[in-house]
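Each of the two complexes below includes subunit A, the first together with subunit B, the second together with subunit C.
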Partner chain A sequence: MALAAQPQMPRVWRAETKPHKFCPGCGHGIILKALGEAIDALGIQERTIFGCDIGCSLLSWDFFNLDTIQTHHGRTTPVLVGIKRVRPELVVVSYMGDGGAYAIGAQHLVSSAVRNDLVTIIVVNNTQYGMTGGQMAPTTLPGQKTETTPYGRDVKLTGRPILGPELVAAVAPPGAYVARGSIANVVQLKNFIQKGLLNQIEGRGIAFIEALSACPTNWRTNAAETWRFIEKEMAAYFPTGELRTPGEAKNGQAGEGTPGAPEH
Partner chain B sequence: MSVAFKAITTENGKGIFHLFPALCKGCGLCIEKCPVDTIGWAKQLGAFGTPVVEPGHGKPCIACKKCQLVCPDAAIWIERRDGKGRSDSGRQPE
Partner chain C sequence: MAAKPIEGEQRAFMTGNEVVAWAALAAGADIMYGYPITPQNEIMHYWTRMAPRYDRGFLQTEDEISAGFTTVGGVLAGKRAFTATAGPGNVLMQEAMSMAEMMRLPTVVVVTQRGGPSTATVIYSQQELNLTCFGGNGEGLRIVYSTSSHQDLFNYTIKAFNTAWKYRFPTFVLGDGYQSKMREPVTIYDPATRGIVMEECRPMVGLPGIAGIDREPAHLRNTYNLEDELYDRLTASIKDYQAMIPEVVEWEACAVDDDEILVIAHGVVSRAARAAVDSLREAGIKAGYFRPITLRPFPEEALQPLAARAQRILVVESAHGQLERQVRASLYGLETPVSGYLRPGMGITPEEIIGAVQQTLRS
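So, the complex of A and B:
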């Protein structure tokens, strides 16, 4: 019998909830594809807990065949850390937006980083509050127009965009894995997420991955403008790459891979 | 629970282009990423009543799979006409 062609979704995706709830061209779908492939590659579906935040990340509440919990701005991380402390054999993924991670719930990120909690955090940087209609976030680029910065973000008034991975890399003890990827390089992003999951599984410490993402709905961009904004404007301010790589320590070297990072 | 999606299958250049209209939201991200500009809008409508995509608008497909990689909705599956595509990881036909 000939097999009918079927979509190549990661095995951990829940096919019956597709098409998913994100807008056309939303970066969340690409990032959750990379996460799904990383979970498949590590074979950890049976022991992974997925936590999503408030914001568009919560549209993933039925996305995976995984036990899933949804909490409020940034609290996803401490909730999952609690689960991890009670059930250390589980792998916990804390998935949230830039507003939840860096503004409304920033204290939870900083505290987890300082404690080197065993959790893998993925922050979706789409430069604004997507779900509520595109207000300025700490990640909004200088001059970028949003609902609350109709003339463009004025850095004199509101400061410069926050650099999340650089912040985590500066305060987390040795053992932390920190990287920034982009939906413009899906293969690299999947690799970063997989390494971040492994860092937790091997008990080294916190794993933090920021993913440069797209929100065509609130950016009001067509496909060409969407890619240009991510690859030119966002990439210029938010450099992609690994900031801390404890898994790669060799020959007694620090293996922390943090040029210019403070000594601990 | 198993679900099945219907594909529109088009052979073009080195590729067999499977498009799943029930998943395609017509965002156009794949069109912009195709190195040979073969992807364009089709007559059929997708998940949100917007046009889906099809190959055949530029130079022949080189089966690089960039379109499949960037699609947020897993609406494209590229097989190679030389048969090397079936080894893709992920959900296999049931």
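So, the complex of A and C:
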């Protein structure tokens, strides 16, 4: 007798490569499910290009029934921008971890945001470098223990965790979409990603979504501790919600007479 | 549709950087991605002025890392994309070109060599030979054309696109700051009038049909789990590269039937070497001339019999032995003595080479 319940996969998922390659308890699968559902909902499978970075995100190189390019550490956005500039009919998704986005690839993130590049960037924030064994990342919380901060992150020596969406929201022109979601709220996360894809499709500007994620392998946490870390500690430092939606004023920053205001 | 940038052929008097921009237009390049660095800047300046008239694109990136990776994106999308750089920019460019080497991406990069190492001078050198031929954490599976004149810059910029798209190895046009900035006469032409057919550009992503339903998805990666997977991938590429060598390797030689001393030079220095050999012949000194045009692959099969016949070899270059090392590696086992006239970052005149030949013959 066949099993009554089959896992519900988005149509754009590639069943042949499931179960996926991520560790048990990893957040990537949840985020990629949200992305898959958003692609299904918008009906854009035929014209979506998926790009993944170095680090755990590269394990998604054969995840979807999408043309996919796995690039170098931090370089996924430039590759997809290069594609988008010559094939504007395509929808390009740049998928990476916090190290790729905020450390080694930070100049590309800032520059793409300033240019309002038509690309949808999804950054997985799990507060450390997963693939290389759990070192401190730009997102590591104050006091958090990692392999390179074994006594806890000392913010006097290494700074405070970067607020990626806040950074993008501060520099991107009107038309940008910026949000932070979490695997603790999948419905909201899927909604953010879908809006982010739509922002690109409608040609309004860059879309940037950070997803708070889990790494129980390197956090060395059980299920309850993992969930507590995401919902309490991460959420306290990294508030979820939409930071920029197209059409709205830029939090008063770009008002009349202020630096950077458009001249009409 | 926009008119052809060049109808038929035209004589012109222009700088090398302008020549490169015209050649890329004539070759049907779709987009340039670039970042400012001297002495290549005017390639971008001319491109940005002319490209919009012919529906071509340009993106100024945040650095050469991005210029390299956006160029990678352009070719993945199936477009004739290129960039240009020099010196420290060429160093940063190597990361993307390493990916192009692994994934067989037909990128085209024009390098206008400047002094090195580090920031050095913005003017001239031949010190980017090693980097351009062998940069990156790999085996140097690239094609590198070393130009010596503006006509070369025009011809080989067009050829670079075709070589890249035909064989799918990253391809470089290696010029220098002197060629970039000086003006000289050149014939620019529509490639079609010379019977040159531009290779078709096929996209690697964004293919027609729904992936997983109408066709298999293109899942392109440069990372492998196991030694054997990587080894198989590289073995296939190396085999392709070796099969390609006889079809792409280029050189020129003269006065090599009875020469006592063979002068070897590449790029703009080869013009001084050629002039020096002509003068030496007039003075009754049996000098010969050899110029590798492809530095990678290196024309070692052509050079070996010439080197075996000569009694002495003199390598002349504006670097401290980067060409000489390639020459020595090609001639391993031969007993012909090799010496060098090595002037890193300095221009070299025919008179200097004549002096160096005379000194070599006396020693």
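Methods note: the second predicted complex is superposed on the first by the 240 of 264 C-alpha atoms of A that agree within 3 Å, B and C clash if a C-alpha of one lies under 4 Å from a C-alpha of the other, contacts with A are read in each partner's own complex, and residues count from 1 in each chain.
Here is the rule we go by: contacts are C-beta pairs under 8 Å (C-beta built on N, C-alpha and C of every residue); 3 or more make two chains touch, one makes a residue touch a chain.
Since the model is a prediction, treat every value here as computed from it, not as a measurement.
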When subunit B and subunit C are modelled together on subunit A, clash or fit: fit
Inter-centroid angle subunit B-subunit A-subunit C after superposition on A [Cα, multiple of 10°]: 130
Touched partner set for A:F64, first subunit B, second subunit C, both or neither: second
Partner chain in contact with A:L90 - subunit B first, subunit C second, else both or neither: second
First (subunit B), second (subunit C), both or neither touched by A:I49: second
Touching partner for A:I193 - first (subunit B), second (subunit C), both, neither: neither
Partner chain(s) touched by A:H108 [first = subunit B, second = subunit C, both, neither]: second
Which of subunit B and subunit C A:V123 touches, first, second, both or neither: neither
Touched partner set for A:A224, first subunit B, second subunit C, both or neither: first
Subunit B versus subunit C - smallest C-alpha distance in the overlay, whole Å: 8
For the subunit C and subunit A complex, residues of the former touching the latter: 30-31, 33, 57, 59, 61-63, 65-66, 69-74, 76-79, 81, 95-96, 99, 203, 205-207, 209-213, 217-223
Residues of subunit B touching subunit A in the complex: 1-7, 9, 18, 20, 22-23, 25-29, 31-33, 47-48, 50, 68-75, 77, 79, 88-94
Residues of subunit A that touch subunit C when the two form their complex: 12, 14, 45-47, 49, 54, 58, 61-62, 64-72, 75, 78-87, 90, 107-108, 110-111
Complex contacts: residues of subunit A adjacent to subunit B: 3-11, 13, 15-16, 18-20, 22-30, 33, 37, 40-41, 183, 186-187, 216, 222-224, 226-227
